[in-house]
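Chain naming follows the written order as A, B, C and D, and within any one chain the residues start at number 1.
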């Protein structure tokens, strides 16, 4: 089991840090890009760039073709039944969720309605609902977490009573937990609620099919799946999007504008105000191509194996000194490994690891409610992707051991 | 007077279209990028990429440094007194204006308050105000246009009565008109109104200083000023930003999140929810560097000269057959030349020009109220930038003449 | 300029300069429908009158490029006085001729895909189209296809709204 | 591991493990202020009591990394019992020692720039800082500077709020 993607495809991974090979273990925060993604964007800017949707000259038509082509590719990647209308390009996952809370939420949620969130969600899937709850006097409910770091679904049907929307992570960016999303969605639908999947961590790492997930909205970001910064995606069922009012107003999203009002454009452009992230969409298309040619089943399998290896290696080596926050079984989780080591604060741990060229994130990972649940203010988090292999995990273990020297 | 920027710096400009050298005259829609911008972004992805604001390892610190460095560079470019807090990265001009309408507007505008717009504004500076006006029962007023295609300010003081905000383009993307912004801002302030400058066309083409403009908010996009797609800028006076509630909610913009509410981060991050367009900010920084090393005074002078040359050349050659929509004096306008030629529809004109490799935009240019004022449904628009020269204008004239053959 | 002559055929320019069936009809009995291309601002307004299974009258107003306006004019001449089923057939045939690239340009392709237009393509009967075949050159200019189909989509919508055939 | 020993000096780890002046004070008479680093979640809560121009007592709670917590502890030991003007001077000196890079990291630099800290830099009097000089190594790790200054900014804010000297 070595990395399934050639590390040499990723220019950054051949960097040196403090005189050592970089060991990049922070892909849950943002991934690196393969050469082909950089080349594709570069090529776009060199040969094709023009604004989309309005041009009658050759490169503008080609820009349109590449931009809309990326939409189709992204739609195909997540099994969207109608990608042409249902895939909306946003600036990131966060904006995609804000689009839903602002457009769908303001239209469909009334005082007293409930929204069900979870204690393991990312701030990006919490704050928009806190804001709307305050504005519209909604009730927010929270799914808890059991001792195995899984969502506690024991009271789900009860908690669903009166709920209009379940907004839930499809994979935790701290615990790695992959909730049984399809089951949650089914029960939510039976209770008359719609379901939003925060798939920022799912889409990059597991084969994703909106149909089998059973969600009504799905949000994710390119920068976590080998694509560029500056672009994210909202997928939603077409019938919902058709009914939703526009989110941002401006060029491209209108059909007509008069002194006394405007009418909105058709899907998907109704939700894409202003010049969109064109080169970024093209880059995301290339990232999707790279992932598809590797095969998402293979990505998942590799990460599951590597996660098992990491959990075993670390537990064996550090025993009681190490606490891992997340399900023990790799089948139930992604390759996100949050941990506490002795009394070394996570920031100090990250600093120590950095000296060995090992990049991990330390902090609350934008999940303060989860931190409170875990009773910590921060964790150190190593996260794996298709370009990582055992040598990276070994390097992590080696580097962690050095904390002992410093912190006695 | 040749182009002041070496065309060879811009890879796209050496493309061939239909077997001819490309003549790119659509920079008002989106500009091309110099090699140094592409190289800088590429280098960023190859050597530095990591998520910002939270990392304790070397490349994450460097990513932070480059991202925040871009903020300072952009702030310097527009004369921001406090760039560190006042420059907000958005996804484009459109989002920047929506941020203002949504955050400042919802907080500060009450039923019956008036907002003053203009008949030459872009949909991106109209639709957000139409939406808010509808939501909050605001009154919208409109500055008209005189026969010289200038803003009609004869009734300004009267029209300002009861106005809380003037939202006005700093340079028209259709007429090229550069309104006397400082004067408008002064009179607006005397009347107790704040002033928003849609500077999407100003910042790329003229030396810009928020102090001398006298605006309170300023919005622009990187892709029109040699930078990448996927990023725009909102500048606003710090005191205003401090008082404004957050716009989008999510990671990065919070100080704390609890089950029952959240508190917002400090400036500028309060307004930057989710992973920002990091590589794009770095690219924008490089674009600003390129423009600064050319010198914005030189850019303006070059474009003024070239605009005069174009107006003269086209009028001489096509006489009565040509109607140009915009001020005749290059001092009062930028290098955006909208025109109608005989009874050839603008789309047909653009199609004809394309065959000669000449790229112009045809359509309503996201200014339907202006089109109504002009009594047309569309114009053809050639727009100039620092990389254009007389040969481009000559190629335009040559290609236009070919319409005669086809349309008899 | 190879290709452009293909787009701007004599007959197209003729219909652009002298549009047939220009004007309005009283509503009702006529049915009014608007076609609109938000990207470029082209618009057509159709007034359609049916009489006993026949499209008895049609008038058109609007504005736009030579392709959208001549296509509307050519269409009006082709459908006037025809039976609804013939009109439906003509719409199908015309859209089949135009269907290349249409979807990837993001035009609402409902029509094209649900009535199986693309599979019809091989079978496009140019003769049945008569003068309309002059618009064939448009398919080489994918961006202009939406111009050519604007009035046709509006007509299909009109028939749907009336509930005809 | 060159450099890291500079950051994690003995005395820092000692203050991290055994923080001085840990706890709370009744409010009032004490003044309570929170310092918070939203990026990493570190927090300190200060309880400050003034008595006749002297910082008579200080207690600290909170959580965070070795740098933020030891800096708070070292600070508490350094300022307790000192006159307000001495405390103000110490804050200035400490922030001057830390001022390198602080602004470009986006920390609110109000304090640093308005009291002219950067120009003071050459003149940082390490001796006056005593044990606090152990935190000097932090400047080599720009990201950690905000950890070190967290409690100091909170203390400055506290004095401002009380309106002391």
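Methods note: contacts are C-beta pairs under 8 Å (C-beta built on N, C-alpha and C of every residue); 3 or more make two chains touch, one makes a residue touch a chain.
Here the structure is a predicted model, which is why all the values come from computation and not from measurement.
Shared contact partners of chain A and chain B comprise C, D. The interface with the greater number of C-beta contacts, when A-D is set against B-D, is A-D.
With centres defined as mean CA coordinates, chain C is found 37 Å away from chain B. Centroids of chain B and chain D (each the mean of its C-alpha atoms) stand 44 Å apart. If each chain is reduced to the centroid of its CA atoms, chain C and chain D end up 75 Å from each other.
Within chain D, the positions touching two or more other chains are listed as 39-40, 144. Looking at chain B, one finds that residues 54-56, 60, 254, 256, 347, 351, 362-363, 368 touch two or more other chains.
On the chain C side of its complex with chain A, the touching residues are 36, 38-40, 103-106, 108-109, 142-144. Here chain D touches chain A in the complex through residues 1, 3-5, 7-8, 13, 17, 39-43, 63-67, 69, 141, 144, 147, going by the rule given at the top.
Contact residues of chain B toward chain C in the complex are 343, 345-348, 351-352, 355, 362-364, 368, 371, 377-378, 402, 405-408. Within the complex formed with chain B, the residues of chain A that make contact are 11-12, 15, 17-18, 22, 26, 29-30, 32-33, 38, 41-42, 45-51, 54-60, 91-95, 97-98, 101, 122-128, 130-131, 134, 140, 142, 221, 223, 228-232, 246, 248-254, 256-262, 273-280, 347, 350-351, 353-354, 358-363, 366, 368-369, 372. Within the complex formed with chain D, the residues of chain B that make contact are 53-56, 60-61, 64-65, 68-69, 72, 84, 254-256, 265-266, 269.
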